[in-house]
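Following this line, the structures themselves.
Shared between the two complexes below is subunit A, which has subunit B as its partner in the first and subunit C in the second.
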Partner chain A sequence: MDALWMPFVEFAFMRRALVASLALGLISGPVGVLLVMRRMSLAGDAIAHAVLPGAAVGYFLAGMSLPVLGLGAFVSALLVALLASFVASNTSQKEDASLAAFHLIALAIGVTLISMRGSSVDLMHLLFGSILAVDASALILIAAATSVALILLAFIWRVLLASSFDPLFLMPFGQSGKWANQFFMLTVVLTFVACFQTLGTLMAVGLLMLPAIAARSWSRDIPKACVLASLFAMGSGLIGLLLSYHFSLPSGPAIVLTAGLFYLVSLLFGVNDGLLLRFIPTARHRES
Partner chain B sequence: MDVALRLKDVTIAYHGHPAVHHVNGGFETGSLTAIVGPNGAGKSTLLSALAVLRRLTNGGIERHAAVSRPGAIAFLAQLSGINSDFPLRVLEVVAMGAWPRVGALGRIDRHERDAIRQALHEVGLDGFEDRLVDELSVGQLQRVLFARLIVQDAPVILLDEPFSALDASTTHDLLGVVTRWHQEGRTVIAVLHDLEMVRVHFPQTLLIARELVSWGPTAQALSSTHLAQANQRSLAWHDTASWCEVPGQRPARTQEAT
Partner chain C sequence: MRQELSRLLSVLVTSATLATAPALVLAANEQPIKVVATFSILADMVQEVGGDHVEVISLVGPDEDAHVFDPSPADAKALAQADVVVINGLGFEGWIDRLVKSSGFKGQLVVATDGVDPIEIGQTKTQDHGKPGHDQHGHDQHSHDKHAHDHNDHAHDKHAKHDHGDFDPHAWQDLANAKIYVANIRDALVQARPSARAQIDLRTAQYVAQIDALDQATRARMAEIPAQTRRVIVSHGAFEYFAKAYGVQFFSLQGWTTEREPSAADVAGLIREIRRDQVRALFVENMSDPRLMSRISEETGVRIGGELYSDALSLPGSPADTYLGLFAYNTDLIWSTLQQ
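Coming up: the complex of A and B.
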């Protein structure tokens, strides 16, 4: 049993990593579920990659300083999200197409920048993160980003759900639907900026999407799915860190693999639409 | 009689081709009007313009002072425009009707909750508050959306094909709601296809085939001469059609249909 908590008792870096992954898990749940529900799973992927060029510029300016990396990442991801929605609302291009275009450009710029100036070790750091290198200032940054994202989400919650169900309903009442969409993109960007520092730009999407998709296998109800997704994500953080410690695995992939395990188990056993339900004869039904 | 909504030379075009062409007239306060016409005649386009969801290419729509506040014109889109697989609770959907009063952050208080329960009772869905909308039938969903209109309590109500795909008993119940709105003095405008229903339940009719064919008491507006006129009009677009000149006005850009 000691194996479960001794790493956190003994080592400060493990404690900080744990706090960071719990904070990330908390925000990942609702943001991930909303991305899934609004059919934006791949848009999340695109924004995650868009943090790379900004992070690379930050890295050249200040080295492996998480606050500077975070700021750079925030600026470039927000730029890509805003450009994509600007092009979508002013041309006949759909938002996913312009998002795909801009994130690929951003990704290419990011990799080019790093290969020009940095080593492949740096690239690995940015792509896969280093949760065990989280220091006190990075922890504050993660806490701030996730808190702001969570509060923002609470403010736009009702508008987002209403406009997802009936896009025309809110239009006569002004621009709130449009604004809510922009602010939702901002919360997604904030979540990724918080996540990428510890999980890397490639792995961050995993903590966001896998628990959310897993939660949908258990409940169709949105609030319930959000809570479940947060629990799955926090559980993945805890279990992933322990696996990483005991088997000397890289922490980011260990966390995301655990989330993947939650997903596969939910896919099979989920009570909402799990695969095993298909093999149970459904002759049983209620009185009409 | 007061005029709630007055159309002044309304033209709405998609890519330069008019869907609604130079329509004039007024919807009197408290009137119950059916908008009728062949497919592609511009009925839904006109209705969404009345709901301020679409910019006009030319002309204007004047709103009476009593119906110019946001939320005073309630609009029910066609069922196909609603993401019915987005799993909100029935209570949450009906509560959207309280938007003009509570907005994005206000509390749904006991008063609003009573209004929601009463509205669900009126559409025959007692006890449905906690059901998810993605498990409702088409008819039940339309009843929920009517309950939302009841809660919105707007003086003008616009309905886009509200009875398409509904069975007889649902249609009967919801027509009852429409009739009650009319008795309460609300202005109700509905796009419809069932001429028999229009003749029985709707005192006023606007017959449109891109251009206005007739507008007035239903019996006259739907005379066989007028119906023949509406059906004869070709609704095909001609790419070589000449531009319709409006003196002293450059055509404004229109929003695209999505």
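Coming up: the complex of A and C.
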């Protein structure tokens, strides 16, 4: 039993990493589930990469300053998200298509900016993140971004919920419906700004989407799935850190792999659409 | 007191420059030898040895990390046009084989660590595999082209066979090895431009004298500090050769390469070692992520002594913009931090 909590008692960096991953798990749950419900599972990926050019510009302006980097990342990801939804609502292009287009442009700009500057190492370290190096200012940034995202989400919750089932539902709401969608993209962006410094842009998507998809195998009810997804994400953070500690695995990938394990187990045993149910007739019978 | 080694160095360099000045004038009408070095430290050595006879390009520039370097087409072009390419070897430039092949480079490939007694990674002292090849090659100057090819293959073999049991490539952190580097570079330059032999030999002799003087000074400096307090933390294990040569114990997080992402176990292990062994000083490096080191400093109460230069020179005009400057700077910094 000692193995489960002694690392956190002995080392402050483990405590900070745990707090950071719990906060990230908390916001990842609902945002991830809503993304899945709205068939935007890959939008997270796109927005994660849109962070790159802003972070690069922030880095050139102010070096390794967390607030400036966070702000740069926030602005560029938000710009991509807003441009994409503007194009989607004013042309015949679907949102996923325009998002794909803009995030690829942003990614290319980001890589160009980074390689134009000679020393790119610091920035690459930053973009791959290090949850073990979370310091006080990073924790404050994570807490602030997470809180704002949660509050925003609470305001637009009902509208989002309804439109997730039926995209046409928002039509009668006109302008306010559009606003709900924009605000949702804002929460997604905030989530990534919180995530990318600790897990890096690549791994952050894993913590966002894997627990959400896993939770959907257990419940069709969105609020329940959100809570479950948050629990899975926080669990992945805790277990991933312990695995990294005891088996000397890199921490970011260890957390995402744990989330992946949650997904695979849910895929097999989930009561809602689980693969096992499909092959065991009695179980399905009981369900119906 | 602190700047003493650096000052000694500047006196040495000035006298060397004055002595070689006539030779430079004589050689002015010849085309310089085009040399490509893989990183800034090698480029500086080539410049010191070759003087006006060489035109050096460094693929990985000052303050950049050669472990994670991504070559561009311009680099391949520079390589294709070069007469001589100088690499460190021992697996330091994992990307060089591909680059040499794709660029169509046909000149002379010099492995600077040829003849160095390498430290094996993992500190096991069984240096049997891979080493016989090294000894066989020796310093025969007449069949150097063939050698270069052998070495290329050899390096490749080593890379394929030893996934984990590789050698530590940071051999330049021992000034005795630097003399081997210089000898290898000198041989290659003389072969490329036999007419400049006299001047190159003169420059080499002066450079080796400077290296020897700095080596003496470094040993004297380290001897002033009691052996049990010579414990230092660095962010990646680039100082094993320094440790062995000058009796300083280095603890590091990332192992020999900056490519690997540290795990929680690595960080925890390092913090425990620091607490147990009462390490006095912690240093960050010019080309790696300082955030984790500042976390460790906060957690253990060991203060950060400053920035050491391991795998890259600093930008021109700063104290570590030459190889010897870098070495003197590191020694001064370690010495003054451990004094306190």
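Quick note on the criterion: the second predicted complex is superposed on the first by the 262 of 288 C-alpha atoms of A that agree within 3 Å, B and C clash if a C-alpha of one lies under 4 Å from a C-alpha of the other, contacts with A are read in each partner's own complex, and residues count from 1 in each chain.
Criterion: a residue touches a chain if its C-beta (ideal position, glycine included) is under 8 Å from a C-beta of that chain, and two chains touch if they have at least 3 such contacts.
Source: prediction; values computed, not measured.
Participant: Which touches a greater number of subunit A residues, subunit B or subunit C?
Facilitator: The partner making contact with more of subunit A's residues is C.
Participant: Is A:S248 touching anything from subunit B or subunit C once the two structures are fitted on A? First, second, both or neither.
Facilitator: second
Participant: Regarding the shared-chain residue A:S92, is it in contact with subunit B (first), subunit C (second), both, or neither?
Facilitator: It touches subunit B, and subunit C stays clear.
Participant: In the superposed arrangement, which partner chain does A:I156 touch: subunit B (first), subunit C (second), both, or neither?
Facilitator: first
Participant: For A:S164, select first, second, both or neither according to whether it touches subunit B, subunit C, the two together, or no partner.
Facilitator: After superposition on chain A, A:S164 lies in contact with subunit B alone.
Participant: Where does A:L264 make contact in the superposed view: on subunit B (first), on subunit C (second), on both, or on neither?
Facilitator: neither
Participant: Looking at A:I222, would you say it contacts subunit B, subunit C, both, or neither? Reply first, second, both or neither.
Facilitator: So A:I222 only meets subunit B here.
Participant: Share the list of subunit A residues that count as touching for subunit B in one structure and for subunit C in the other.
Facilitator: none
Participant: Where on subunit C does subunit A make contact in their complex?
Facilitator: Within the complex, subunit C touches subunit A at residues 61, 63-65, 68, 70, 72, 258, 260-268, 271, 287-292, 294-296, 298-299.
Participant: In the complex of these two chains, what residues of subunit A are touching subunit C?
Facilitator: It is residues 7, 10-14, 17, 64, 115, 118-122, 124-126, 128, 130, 132-135, 241, 244-254 of subunit A that touch subunit C.
Participant: Using the touch rule from the top, collect the residues of subunit B that touch subunit A in their complex.
Facilitator: It comes out as residues 48, 51-53, 70-71, 73, 75, 77, 81-83, 86-89, 92-93, 96, 99-100, 104-105, 132-134, 256.
Participant: Quick one: which bits of subunit A touch subunit B in the complex? Just the residue numbers, please.
Facilitator: Those in contact with subunit B are residues 37, 92, 155-156, 158-159, 161-162, 164-174, 176, 180, 220-222.
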